[in-house]
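Shared between the two complexes below is chain A, which has chain B as its partner in the first and chain C in the second.
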Partner chain A sequence: MQRSTIRISSLLHAAVAIAVGAFAAPPAAAATQQELEAQLAALASEVSTLRSELARVSQEQQATNARAAVPVQVLGQTTDSATVAEAESGLDFFGYGQIDYSRPKDEPSDTTETVSRFVVGMTNEFDEKTRMVSELEVENTVSSADDPGEVEVEQLYIERTFDDRLFGKVGLFLIPSGLLNENHEPTRFYGVFRNRVETAIIPTTWREGGMLMQGTTEFGLRWDAGLTTGFDLSKWDPTSPEGKESPLGSIHQELALAKASDMSGIFALNYTGIPGVRLGASIFSGDAAQGQPGFDDNVVTLWEAHGTWTPGKFEFAALYANGHISNTSKVNLTFIGNPTLIPESFYGWYGQAAYDLFDWDGNSVRPFVRFERLNTASNYSDLSPGLTPENGPDQDIITGGFSFLFAQGVVLKADYQHFHGIGGSDLINFGMGYQF
Partner chain B sequence: MAEADRGVFGLVGAAMLMMPTSVVVAAEYLTIDAAQRAIFPSADSFEPFVLALTGEQKSAIVGLAGPQPPHGSLRVWKAVHAGVPLGYVLLDEVIGRSDLITYAIGIGSDGALTPVEVLAYRESHGAEIRNAAWRRQFADRRDLSELEFRIDIKNISGATLSSEHVTQGVRWLLALWETVLREPSHRS
Partner chain C sequence: MPDFTRARSRVITLLSVVLLCACGGGSGGGTVGGPVPGPAMSTLAQLGEQIFNDASLSASGTMSCATCHDPDHALSSAANEPVPAGGAGLDVPGFRNAPSLRYVAKTPTFGFEDGAPLGGFDRDGRAVSLMEQARRPFLAAHEMANTAAADVSDKLSQATYATDFKAMFGNDVFDQPEIAFDRALTAIARYEAEDPDFAPFTSKYDYFLAGRTQLTAAERRGLALFNDPLKGNCAACHPSGRGSNGEPPLFTDFSYDNLGVPRNAAIPANDDPTYFDLGLCGPFRDDLATARELCGAFKVPSLRNIAVTAPYFHNGRFATLAQALAFYVRRDTNPEEWYSVDAGGAVHKFDDLPPQYIVNVNTTEVPYNRNVGDQPALTPAEIDDVVTFLQTLTDGFQL
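Then we have the complex of A and B:
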């Protein structure tokens, strides 16, 4: 606008100068009437040109003003001024959280309620193509030597946009495995608690350090390929039940002084080219020996396949995951006599159906039901006769409940869980969650 | 290096080798000019259009469109061919997961939507929003009742926030058209 003002001012000065020049000539030098008429004609032509130029500049100025003014003027009722300011500064914040209440039907004295997660995320754009993404999480409210809580840096990476379909990440990031790991906020999954398969078999929220490339294609294929840190089998505690609850969850490193002499690879494909459909698979593999004494060539491989389909108000999801740890016999022989040996393989799958029962003004009530089957120790490698542990039991979990989503990012949940194969009381769960 | 490690590196290496060919083809950012031409290919000019809404009109638009994510800037052009208006090109920005998505859509003189064109997507999470099949779902829809997220415009699993927010943004633009831009002779 300033540039246009200067241009208009210059033109006016020029016009005045021409006019003054034309009429300020002394009478002694007066020209003939014919010459004066010619000068007037020239002056009229100049004025006409200047008028045209002024009109053009004025139009440009109006257009510039419109571009600057319209966003605020038109979207004032939906645009948060703080958001605009943050967008301009490149700094932005996001977060999610969840509080859960869980009551065992047959053992009410074990009822608990906790702030399961309180997460604050921050992103910063260094330039148009370079961003930092971070997430800081507090689990179970209080973290100290005498409390059950944890404080974790869940994500911390730099993301570079190479073009609008190719991204690269370096740092601590989520592994693109399964349906939940990259989309684990409480408004994004059904049930008060995350499904067991994507907790016990895929150790959601699973993150590693390294580098990852991601690309998408026009026809709906997304690929991810990366080189990352992996698991550390020397963390396996044969005296603890943790390995039976989640084999990989008990040996993940979360980039906390992670042993990194052996790196792992991740490759994932997801197809969303048909609206309402997602089909995908991933494989993660790498040596978990990490050069530690007594461990050698203990390759951990986890692969999974998944799909979702949303016909109308229905929403279906299914996933199968399978894990394998190689050369466990040698390590397990040193664990004989302990309750938890290292399984050679483990697996799980689930199917889930949900329905958008009521939907009004952005609020929604969605009942759902889910069946899960998993086995955290479906096979052990052979030891000497009589020493090889029996394979673990299949565990079935049936979960039914609903989510009430409202206010563009808040959810209330309730569900009932029935367990089969591992014992334990049925659970009645209630939860609150949010995401912004 | 263990044999398994070599297998892993081979896997990653092979994967990376197969990528660029499919990526480079579609690597260009979409400019405003290109988006305008994609939306109304037959237009010979796109005239900037200034909007000044009254409070009453703003309330009416929000009432029609429903809940909205945070928006960025909005620009409007009238598409013209041989002096005859073809419709409007509306360029809007909505929050995806944590960054703005810049997208444009056309609304013809008869109220028919064109496919959405995504000009800029600034974060890897939810980048599936650029899928051609998903963007085409908006084409030829004329009424807000035909723009129900999940029902008419399908969710992209893994890009839920981005797909929902763009759908909500398009609802706002169509409500704006119905309230302000629609020719009086076409008003119901």
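Then we have the complex of A and C:
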């Protein structure tokens, strides 16, 4: 963005200089009317050329802004991790991190504190149109056979700019689904923890391998279309509660020796043509059978719609997500006797409101409240009387708290979460995060 | 020298246990349709098979391991009687119903998990290994009735496979009877661990869980009742689902429970009103004799092949599955159907336990959590469905 600004400024200066040179400098010798007319014509032609160039640069800048603006709705910031590094050519780094403290109100012995994630990212701009983006994440501090941590390559892709409004990615990248998946840094969302809907239903941080085309339009519409790896239903463990916590989270592959005989498709739209408003939707679908014995035509489809609105100091956000897995009966019959069968459908939605209470020198205090409802097993396909599991309960979560943003990239958070429908104690959470 | 011999024998025994565990004698998973085809049984296991089937190793000359663990009856007793008789004249009555040895190698070693007993061989878990489990019948007066290891060793030395035995364990092996006996037990344990017939996983239910066949409507109803925590609740102790790595279910969690099974008058030992078989705390196991809360508890058996391994429970009290299931669901609603009633009409509930141990009986879980006058957890028609389902657990189903 900085480079584009310089280019526009240079062009304007050149235009002014030409104009001044043409009209203000005294002629070295008297010119004929014909010569003057010829000079005027040439000057007009140059002005026209400059106008065209100015318009092209202006469009390019708008397109860049549009790409950056799409992911930026949650806390009103204007860049994402990858575009921070875009300002400079060549090698660059970015990162974010999050430490969380969580205390169950009624079960204080279960209180925990952890480095939820420590992320370092690296980008390299090979030329003006080609760059590599990577992101390495450590969760829960220590990763070993005896520790709970994980080390993950969360993103690793090459991005190519084809023209002002068309881009392509190939590699391991985030799926453009929902509000958080592409914008999951702690300074981007309200609450110490990411909302449950975009964790249990949309398995944030959800990434797949493949290729993705992305385009923008003059009127503020961004589209994404891609062909990627998908889920692997043979990973489903009917003896584990994991599938009840997050159906898709339990069968995602994260491009770790991912089974790829069946590919999936993603299509997403996001409209930001109205200032302060973002509206979007996406659908992801693909066979999760992956050619494994006993699995056949198990198509996973996840669609969602979302919106944000920022009138003045208020911020509103809402999202609905719905998942479906086809042809589960045959597989579920082989899981009989176990506690966690594969649901046919699951869903969740939430509404969230926040307010910029104080804002001084770039520091900000923003209280928020959020209501979520989700069901990770809202329906099971019929097996036979007595064998079909009962549908899961609706789970309601009310979260209220605040974020204190300061130093243009650091956040302190506190919130209180009340759960209904799934049992468990209310939670008191504190967290800190940063992003650069 | 004798001390040295015993010490060496113990070392060999330990090494054999280690070898057994290392080679699959533990509780590893199974594959539907039997173990993955591989090389034939080891020479040691083949020798074990001969010993297992050798009736000349008993005092009567007519009883082998296979007598009470008949391959044609899922390796349980062919005789449909509560307890088999043995001894030199086959007239010494036993004390407990002979269990099936199918899947026996998958039993975990006895221990306590979260304070509760778990695993072990024999109905009271007193044998820590397949070898130790195999040792007892050779020497039990009511079974093969050998007087000592030397007695078994002498018989082994005259067996048709004695040459093979010496070729494997040394020409002088019979000079050391304890070692010879231990080697024979090692061979039996290997046989039980290696022979596919001990863990075939070829029941209709195995094929159903593998997605290769379907259950009938009655079988599905029975399965649902079996699993339903509010109806049969059988799966609470007899898990019916595949394990986390996909291995077929063994239909036991290897836990122990006290069901208050009625006294069986067909067992001669029960003629003595002071005799009680209390499972974990005796009389055959002595290390837990003071654990009063465990008195009356027996190991939860696998239900695989249950339809062909009658009679049922540790004392063989019930001859049919329908009777066993009816007892489960009507024990507390209609105790007069199961227990002795005195002249005054009073029911002596849990009559195979001394009064002080009646408190140990499981009366809290479904289907036992009922009282006289309540409806049983299963109707007669539902019992029929569960029996129908249990018949799908018999190995040898043909697709």
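Rule of thumb we're sticking to: the second predicted complex is superposed on the first by the 347 of 436 C-alpha atoms of A that agree within 3 Å, B and C clash if a C-alpha of one lies under 4 Å from a C-alpha of the other, contacts with A are read in each partner's own complex, and residues count from 1 in each chain.
Operating definition for what follows: a contact is a pair of C-beta atoms (placed from the backbone, for glycine too) under 8 Å apart; a residue touches a chain by one contact, two chains touch by 3 or more.
Note that the coordinates shown come from a computational prediction; the quantities given were computed from them, not determined experimentally.
> Considering only touches as defined above, state whether A:294 meets chain B (first), chain C (second), both or neither.
It touches chain C, and chain B stays clear.
> So, does A:386 touch the first partner chain B, the second partner chain C, both, or neither?
second
> Once chain A of both complexes is superposed, is A:335 in touch with chain B (first), chain C (second), both, or neither?
So A:335 only meets chain C here.
> Give one of first, second, both or neither to describe whether A:165 is in contact with chain B, with chain C, with both, or with none.
first
> Any idea which chain B residues touch chain A in the complex?
2-5, 7-9, 11-12, 15-16, 19, 22-23, 26-30, 48-53, 58-59, 62, 66-76, 95, 97-100, 120-125, 127-128, 130-134, 137, 150-151, 153-160, 172, 176
> Spell out the residues on chain A that touch chain B in their complex, using ranges where they run on.
62-63, 66-67, 70-71, 73-80, 83-84, 87, 92, 94, 121, 123, 125, 128, 131, 133, 159, 161, 163-167, 169, 179, 182-183, 188, 213-223, 225-227, 262-267, 270, 272-276, 278, 283, 285-287, 289, 297, 299, 308, 310, 312-313, 317, 326, 356, 361-362, 408
> If we count contacts the way the header does, which residues on chain A are in touch with chain C in the complex?
Result: residues 237-240, 294, 330-331, 333-339, 384-387 of chain A touch chain C.
> Can you check the complex and tell me which residues of chain C touch chain A?
Against chain A, the touching part of chain C is residues 208-211, 217, 220-221, 223-225, 227-228, 235, 239-244, 249.
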